[in-house]
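First chain written, first letter: the chains are A, B, C and D, and each begins at residue 1.
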Amino acid sequence: MPMTTPLRGVVPPVCTPLTASGEVDTASLTRLVEHLLAGGVHGLFALGSTSEVAYLTDAQRATVLETVVGAADGRVPVLAGVIDTTTARVVDHAKAAAEVGADALVATAPFYTRTHGVEIARHFRRIRSAVDLPLFAYDLPVSVHTKLSAALVSELAEDGTLAGLKDSSGDDGALRRLIVALGGREGRADGPAPAFSILTGSELTVDAALLAGADGVVPGIGNVDPAGYVRLYEAARAGDWDVAAKEQERLVALFAMVDAGPEDEMGRSSSALGSFKHALRLLGVIEHGDTAFPQIPLNAESVALVSQHLRAAGLRPVR
Amino acid sequence: MPMTTPLRGVVPPVCTPLTASGEVDTASLTRLVEHLLAGGVHGLFALGSTSEVAYLTDAQRATVLETVVGAADGRVPVLAGVIDTTTARVVDHAKAAAEVGADALVATAPFYTRTHGVEIARHFRRIRSAVDLPLFAYDLPVSVHTKLSAALVSELAEDGTLAGLKDSSGDDGALRRLIVALGGREGRADGPAPAFSILTGSELTVDAALLAGADGVVPGIGNVDPAGYVRLYEAARAGDWDVAAKEQERLVALFAMVDAGPEDEMGRSSSALGSFKHALRLLGVIEHGDTAFPQIPLNAESVALVSQHLRAAGLRPVR
Amino acid sequence: MPMTTPLRGVVPPVCTPLTASGEVDTASLTRLVEHLLAGGVHGLFALGSTSEVAYLTDAQRATVLETVVGAADGRVPVLAGVIDTTTARVVDHAKAAAEVGADALVATAPFYTRTHGVEIARHFRRIRSAVDLPLFAYDLPVSVHTKLSAALVSELAEDGTLAGLKDSSGDDGALRRLIVALGGREGRADGPAPAFSILTGSELTVDAALLAGADGVVPGIGNVDPAGYVRLYEAARAGDWDVAAKEQERLVALFAMVDAGPEDEMGRSSSALGSFKHALRLLGVIEHGDTAFPQIPLNAESVALVSQHLRAAGLRPVR
Amino acid sequence: MPMTTPLRGVVPPVCTPLTASGEVDTASLTRLVEHLLAGGVHGLFALGSTSEVAYLTDAQRATVLETVVGAADGRVPVLAGVIDTTTARVVDHAKAAAEVGADALVATAPFYTRTHGVEIARHFRRIRSAVDLPLFAYDLPVSVHTKLSAALVSELAEDGTLAGLKDSSGDDGALRRLIVALGGREGRADGPAPAFSILTGSELTVDAALLAGADGVVPGIGNVDPAGYVRLYEAARAGDWDVAAKEQERLVALFAMVDAGPEDEMGRSSSALGSFKHALRLLGVIEHGDTAFPQIPLNAESVALVSQHLRAAGLRPVR
């Protein structure tokens, strides 16, 4: 669907279910899209970090995007991650995403390379001019090892290069400064940036980000409980901040599943991604809980912990 | 005054005015305390990072604390920073602070050294047992280069070692997880930790922290506009989140003064501290705006920017 | 050519000359290979970081590797960088490199993702088993943001997964510990690892690395002065350490060209890569000095500085 | 003794033996100084990081320095660490050190604070003008979280602020660039800096640093085996690089004791410091092996490992 601007609401980064042999499980992925839409989400972000995009070959990325676009079937916009080291490689992904029917693109600053702020601006401008789709900047210092400065984002917002920001920096103070620079929570509509959408990736402080004036959220654990994030979002839109905060607390407790994997055996990222996928398996949405190679899979004890977290949050495992 | 527990409200880290020769300007400091109390603050944090504690000799620290305790005169509790590299040195500061009449102590994890989590726990327990005053942990990774884990803080909260946390980590997601672990925004009173006070040092997201269940704030720029933070706090306590957010936005705009100093000539910390002190000078509260050596002072152009920020926020420079 | 093991000597990371429109300049690249072989180098590393591999599309990477393999024509072994975020993507590059005729592969640990040590070991083992070519681990924390531990490298050396290490960590102390763990400078031939090659990427301390027992060097500025590094290497092999150190000093002075670009306009990486390429242009080896987009090109003043550095080191610009 | 300039040779950072109750064990410290002088060292560095300076109160620091100066009795120069957060506090330590009879001072850049390069230069100049003793800059990014730039050190060397550098940055490439900037390994005597002494703290690559033109070394494990480092130094001075490298390898193997402590129970710094002190205890030099609070002591198993490392390196435990 043509994306309304600015994009608002809950836009989960869609997990990528895999088969036992490590290929994209399109049937599970289609069910996952239905699960998310049934939860009331306002958009889908395919091929993000939570989608394990960095683990997928180009062929697998194409399969994922085709499946999500097909399953969404125009009911909500589909944002496509175009994650790669530098501009030329990102543009290749962007063209592929446009062909498959993505409604918007999400790109990081260059990584692996060491890139100056001026060069980062050139990077985003080139992507925008190469493929005619709304472009979101993805600020993810934990992976990219660069923080997008408020000055840079403002500049690219105001000149129309960027349609929005997905802020996964965890730096809510910097986000607040950006919102104020763009006109403030009430004044942004009349501010300097045309229809600029601010989505937080900080899934534990969504009530706070919405209070500050963010437009929406891209919550990894929104795969598991999309309806919870939609309730949180709707309460915030209604100004019912106590309800929003209470729902956020329930989701914070649910999020504790990310530490299910044993710390001495696997990384925290693998533990988090594995817990989301096993939760979806336990809920009957997808077939397998395994993450992409070389990540260590959760063991049975860890999966049991995931199941406990689901029940404690009022969700119902069916396996 | 004996500190009520948990400590709640606005507790500014009191700037340390200096004379032209770099000594503590006790007359200005006394006026600053009056300025803060007139603004309605609920406590004072002397010898914190914003107080330039790391630049002060032991003799100067003693002068500062005596002055603040004397000026406060029991009207609000005075927390004293006991900032030094490791336990034995911190204990020396703690004993000195207790003698002068501090109501509580604020200590970081060891720095300069590389210290394991188990050793950090030993550190806080030793301080607590050496000096019988409520002890706050000060989480400031930008200076200490260690992030206090939620597990560590929970453990030390539950066993009574810590009376509270001053969280300047900027990691609002981690703070949220800690609050939920301690019982949640509503359940904390009945949670596992006895009267544990959570104060955020993230002065740009105070409405968010209070919505999440924090007890108060330690805002550097609260030196300049204490009444603004008190209004924000009171609105939040009343559940009037839109008013709180609006006040926060005004304070975010005011905070932009921290970048008044030219970026190629001085550090961002020196620029921020200089802007706070010059703002206080322009408001007629203190005599000189200079920061401690070896920090570069703000130039005239930068001071003019500070003045503009004051006016834009509705404050009235008198110089 | 089938690589003799362990690989020893000077193995420059071959720059990738570009045309004015940003495509691979195969004629210049062919001349560059001749320039390097004329300098006496012992191998070629195509598609490394100095080759701007992260800026090249898959099609461009193929062109580069075909050109280098063709130009080398079996006279020295060609190592191919297979640089991508995770295992499946790296294996795709590795298969492509094998088809084109690379003699060995050079892979980093996963990046962008956060990956545990155990997972990194799985990563290298999977690559080794997927494509039957000698595999070098590329330790480049400045890009990958993980340091390969000595324990991990030892394990993968001893079990035959790795044929060697390209150490660009800059941590010469850790490298020394690894060499000692593998049997020491004299004992390595009889040590636990079968024919394991240690190449330093620290081009400013090559004499030191060779004294410590390293087998060779992968010097970026070896593109500009391959004969200098070969002289340094031969002196070291002959035990003539004073000659080696003197040659190293000349190359350290030459290396200062990396700061030719203005610091406020461009990154240090762009400045370094641009200086190497402009030096090659000035020496008449390649046609254009531009680096890949979005890097800022050197300005005329910077190019003049590069020229000065060449002359000061006894090299003769022809332009 | 008045320090000859530039200072050259082996200058160990003297460990601080403690009694069972955690006080400075002056009898053991006196024996340690004799042990080091018997090994042939050329100077002593008291109150450095290996001396656990950051764990010592001001009173304990005074005791340490008095003891070392008294025990050295003018036979070699004594350098005193004056380690504290910022200028005023460092100057207090510097005055105390001068009174006790230190021959030179060793200061880091400010830490805990965030300090600009221009401010760091002011810091060193103020210290130098406040106390009339030769001043060494101590570059220790792992503790200070700032790397002293080559440009800054050159500037302060050339104008006479600094008498030398203790480089514990581990960045041997940057050190090489500094040496070349100051005139090179042979030309430094006639270079721009008056009698500037470069001492490496990278104890695993001392042969390399001396080959590059460094004047000496400050080796932590030189406490345990001072004679080994003196042999290494003398071989290097004689141009016998193979002997130097072989001795270095023996010391690298000995250094592996730093990992004796269990990784999940204690930090690597505590493990290293504990291993040095227990090695000294096992060799009969000092009475107790404990490190300062809050560091975890080595357990019996770890101490046994230390003993094994001593024997493997040809040293003879007497306990």
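Following the convention adopted for this analysis, a contact is a pair of C-beta atoms (placed from the backbone, for glycine too) under 8 Å apart; a residue touches a chain by one contact, two chains touch by 3 or more.
Given the structure is predicted, the values throughout are model-derived calculations rather than measurements.
Peer 1: Among all the other chains, which ones are in touch with both subunit A and subunit B?
Peer 2: Touching subunit A as well as subunit B, we find no chain at all.
Peer 1: Given that subunit B and subunit D are copies and touch, would you call their interface same or different according to whether over half of its residue numbers are shared?
Peer 2: same
Peer 1: If you average the Cα atoms per chain, which one ends up farthest from subunit A?
Peer 2: Relative to subunit A, the chain with the farthest C-alpha centre is D.
Peer 1: From the C-alpha centre of subunit A to that of subunit D, how far is it in Å?
Peer 2: Here the centre of subunit D sits 49 Å away from the centre of subunit A.
Peer 1: Can you compute the centre-to-centre distance for subunit A and subunit C, using the mean CA position of each chain? Integer Å is fine.
Peer 2: Result: the chain centres lie 36 Å from each other.
Peer 1: Can you list the subunit D residues in contact with two or more other chains?
Peer 2: none
Peer 1: Draw the chains as dots and join the ones that touch; what shape do you get: line, ring, star, complete or other?
Peer 2: Its topology is that of a ring.
Peer 1: Which pairs of chains touch each other in this structure?
Peer 2: Pairs of chains that touch one another: A-B, A-C, B-D, C-D.
Peer 1: Going by the contact rule set out above, which residues of subunit C touch subunit D in the complex?
Peer 2: My answer: residues 170-173, 176-177, 180, 184-186, 202-205, 207-209, 211-213, 239, 241-242, 245-246, 248-249, 252-253, 255-256.
Peer 1: Show which residues of subunit D lie in contact with subunit B when the two form their complex.
Peer 2: Checking each residue of subunit D against subunit B gives 22, 49, 54-58, 60, 83, 85-89, 92, 110-116, 118-120, 122-123, 126, 142-145, 265-270, 292-296.
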